[in-house]
Amino acid sequence: MQSNQLTAQGQLRHFLTIEGLKKPMLTEIMDRAEQFSGITQRQVKKVPLLRGKTIVNLFFENSTRTRSTFELAAKRLSADVMNFNISTSATSKGESLLDTLHNLEAMHTDMFVVRHDQSGAAEFIAQHVAPHVSVINAGDGCHAHPTQAMLDMFTIRRHKTEFHNLRVAIVGDILHSRVARSQIQALSILGVSEIRVIGPQTLLPRDCQTLGVHVYHDMDQGLKDVDVVIMLRLQLERMKGALIPSAREYYRCYGLSPEKLSLAKDDAIVMHPGPINRGVEIASAVADGPQSVILEQVTHGIAVRMAVMSMALGAQQQETDA
Amino acid sequence: MQSNQLTAQGQLRHFLTIEGLKKPMLTEIMDRAEQFSGITQRQVKKVPLLRGKTIVNLFFENSTRTRSTFELAAKRLSADVMNFNISTSATSKGESLLDTLHNLEAMHTDMFVVRHDQSGAAEFIAQHVAPHVSVINAGDGCHAHPTQAMLDMFTIRRHKTEFHNLRVAIVGDILHSRVARSQIQALSILGVSEIRVIGPQTLLPRDCQTLGVHVYHDMDQGLKDVDVVIMLRLQLERMKGALIPSAREYYRCYGLSPEKLSLAKDDAIVMHPGPINRGVEIASAVADGPQSVILEQVTHGIAVRMAVMSMALGAQQQETDA
Amino acid sequence: MQSNQLTAQGQLRHFLTIEGLKKPMLTEIMDRAEQFSGITQRQVKKVPLLRGKTIVNLFFENSTRTRSTFELAAKRLSADVMNFNISTSATSKGESLLDTLHNLEAMHTDMFVVRHDQSGAAEFIAQHVAPHVSVINAGDGCHAHPTQAMLDMFTIRRHKTEFHNLRVAIVGDILHSRVARSQIQALSILGVSEIRVIGPQTLLPRDCQTLGVHVYHDMDQGLKDVDVVIMLRLQLERMKGALIPSAREYYRCYGLSPEKLSLAKDDAIVMHPGPINRGVEIASAVADGPQSVILEQVTHGIAVRMAVMSMALGAQQQETDA
């Protein structure tokens, strides 16, 4: 599937997936986020960059946390935000998804932030929107979560400066994780020297080798000498499906305890997209410990989303002007 | 019922119904909407006209689409918006409707946008609000939906310039439609030469003749040589009541197919208040075809609502100042 | 429990309870509210005092009315508001309350307005928030509702100017009322000459004497010559618990009828935190009568909340700057 997220001039029009993007684009997103990062800590945390723009949070899947960070990012850019919970909307009156979208476009809205439980939903919507609308993927099924991946890259760059000499381990349910998929793509593009995925056979995709990663079923081996440990959230509903035996057993094998973390480099950082399951995939002592940058990720999430939103609307503005 | 929507000077204080308004008022609303229409397409879609005003969306009946257009209209006028879903509010604690209203007034809010499933609800509320509050009817029962009618008139004027020489057909469930009732009143006031209503006996009001309209049960005859075709949404729940036989049968008799549309004038426009039921009251080929102005209606809805909101608050401001 | 609501310099950092505050602080809150009171009645009801600040409404207990007044107060100070209904948020994914709080902090939010059905919840949260976040208690269990108490004090001052010569009666379910608890503390600090509580034995706390109030079970005696009558809302669920016999019986004994009110001073004012149960704790003739200041309380609620919010964020700003 050829992604349509770039303009003819190679600028960001939508932000749907990390796949297919080039290193300079990822660097530009991080550089922009760096600028916005300062704003978020000022007394007046607003810039008028998107004043008069209307951003629609189109959430087909409930997520207070992700919706909040996009809402805050939009408001700090001075945009107007409209929250649209699709399950309670006109689609329940039998209107088709595309009719709902075209109605929102007709209201001269400028951006759809889309979360959907079906892989490919954001791409589908982007293929059908009017030229004046940008689409940001806020997570689609097991497919992609590109703003999460970029805030993770931003957090790594803040701590490690360079990517080329890093060894990064991603631990847990890689198979069902849109976060992991986008992270692996971003880490590859940014040229880290080694990406490891660690997890039980049942939670790793079969095509792991083709992703350019090294597979470990043993966590002790996998964590050895890594610079970055990315823990994934364990979807507890997986346990019903018998993919993992029990939370306790999972923690014993793949939970990040202080002992396990000590196998990584001394200055390794620990990341997690949240919300965390304490005692399931991560020990409290680690989540709250000195190597954890989990809350920094949340902070950087605002700046990265401000960056992507302003780039997508800026690129578009130039296209319309031309 | 003497409507109390005008001030002593004949300016708009509330906007409750089309009934009883004079042609210059409808023209003023459309002229104002024309001005706002430009704003909606600018880069910065905001004007500071209602800065510091507080507009309350009082929705007793759920409607994401209508609420969104009012919310956007208010925000583009720089007003603050408070969404108030009445079923979840204090009324569930046993507080009376009027006590809830008086509490909202005491918070120095400036406008209530009211949707209710009971005919007359907006009028009732307008009769009881404090002098500083304006009420906009966003649809009450089977009674009236005046902003919808005005956005329809605005759309017709955009395409046909004049009203006096037009033949307009309204098709479907006239009996239960607050939209149709308000449209017929507006078309009459604006002086169109002929208004036709088309539908089965069971879905037409008995007093049709007194409305000054021509009744057709046969759609082919009714559509002949009309300039404007307004399709109404079929409330599918009517079918349970046995008022119509089946969706398929309904479409055969009263659905707007390309063949039926060809009986109207070549430059006839097709309208629908949305959300549309494709294949029930309208064929996709028509809804998406060159004569359809359905999405334009949505766009104009914002401008018309901005016009009505600013007129009602402006008129009031002058009254208070005097 | 030592309350941590003041800074080392004695300024307001959080606003959790009236208990322990000194008279000058309560006076400062009322003086500030007096300034904001003018703003609320201007054409443009906004001041840019909290522009760029993010205020989170953290409501664990549903309350449209209280949430709305805080939301309006925040918007009129030009802050951005994020409504966070905790029951629908990440805590349902198994995240702990503190993790949710730390995530919100990491988004660089500035204030949490907390309502919770557990006494002590706001205090608990205040003990755990980051230095840059202020907490406002919007009602916690049966414990405290300090902004309600302050808007009541503000309303009394508006009508009676001085506190030291006042006789104030609070009538109803004192036992379960966070409002009454905070009111009694505020009235004591402001030095009213006599506080009376009136109610059946079953609805009065056992330690009434230690609160410095006079207890009356007979309403006629209790109302004699008072300057202010504060009616409490009867929680109808108390009747299930057999604490009161019936609504009719309750009204006969403790409902404020015109006859009972005539026992108070001629210029006595009648207050109620709302929403009122007409005919249960108060007669409509009294609620809507000339001595009622119930809707004024609602109006003053906005100004008092603006005062407290701006003080808490101002105090904090100075601390951070120092």
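Just so it is clear, A, B and C label the chains in written order, and each chain counts residues from 1 on its own.
Keep this in mind: a residue touches a chain if its C-beta (ideal position, glycine included) is under 8 Å from a C-beta of that chain, and two chains touch if they have at least 3 such contacts.
The model shown is predicted, which means the values in this text are computed figures rather than measured ones.
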Problem set entry | Between chain A and its twin chain C, rotation from the CA superposition, multiple of 5 degrees | 120
Exercise. Counting shared numbers against all numbers at the contact of chain B and chain C, is it over half, same, or under half, different?
Worked result: different
Exercise. What whole-number Å value describes the gap between the mean CA coordinates of chain B and chain C?
Worked result: 41
For this session: Would you give the residues of chain C that are in contact with at least 2 other chains, written as numbers and ranges?
Result: none
Exercise. In the complex formed with chain C, which residues of chain A make contact?
Worked result: 40-46, 62, 64-65, 68-69, 71-72, 75-76, 236, 274-278, 295-296, 298-299, 301-302
Exercise. In the complex formed with chain B, which residues of chain A make contact?
Worked result: 51-54, 80, 82, 84-85, 88-90, 93-96, 99-100, 102-109, 317
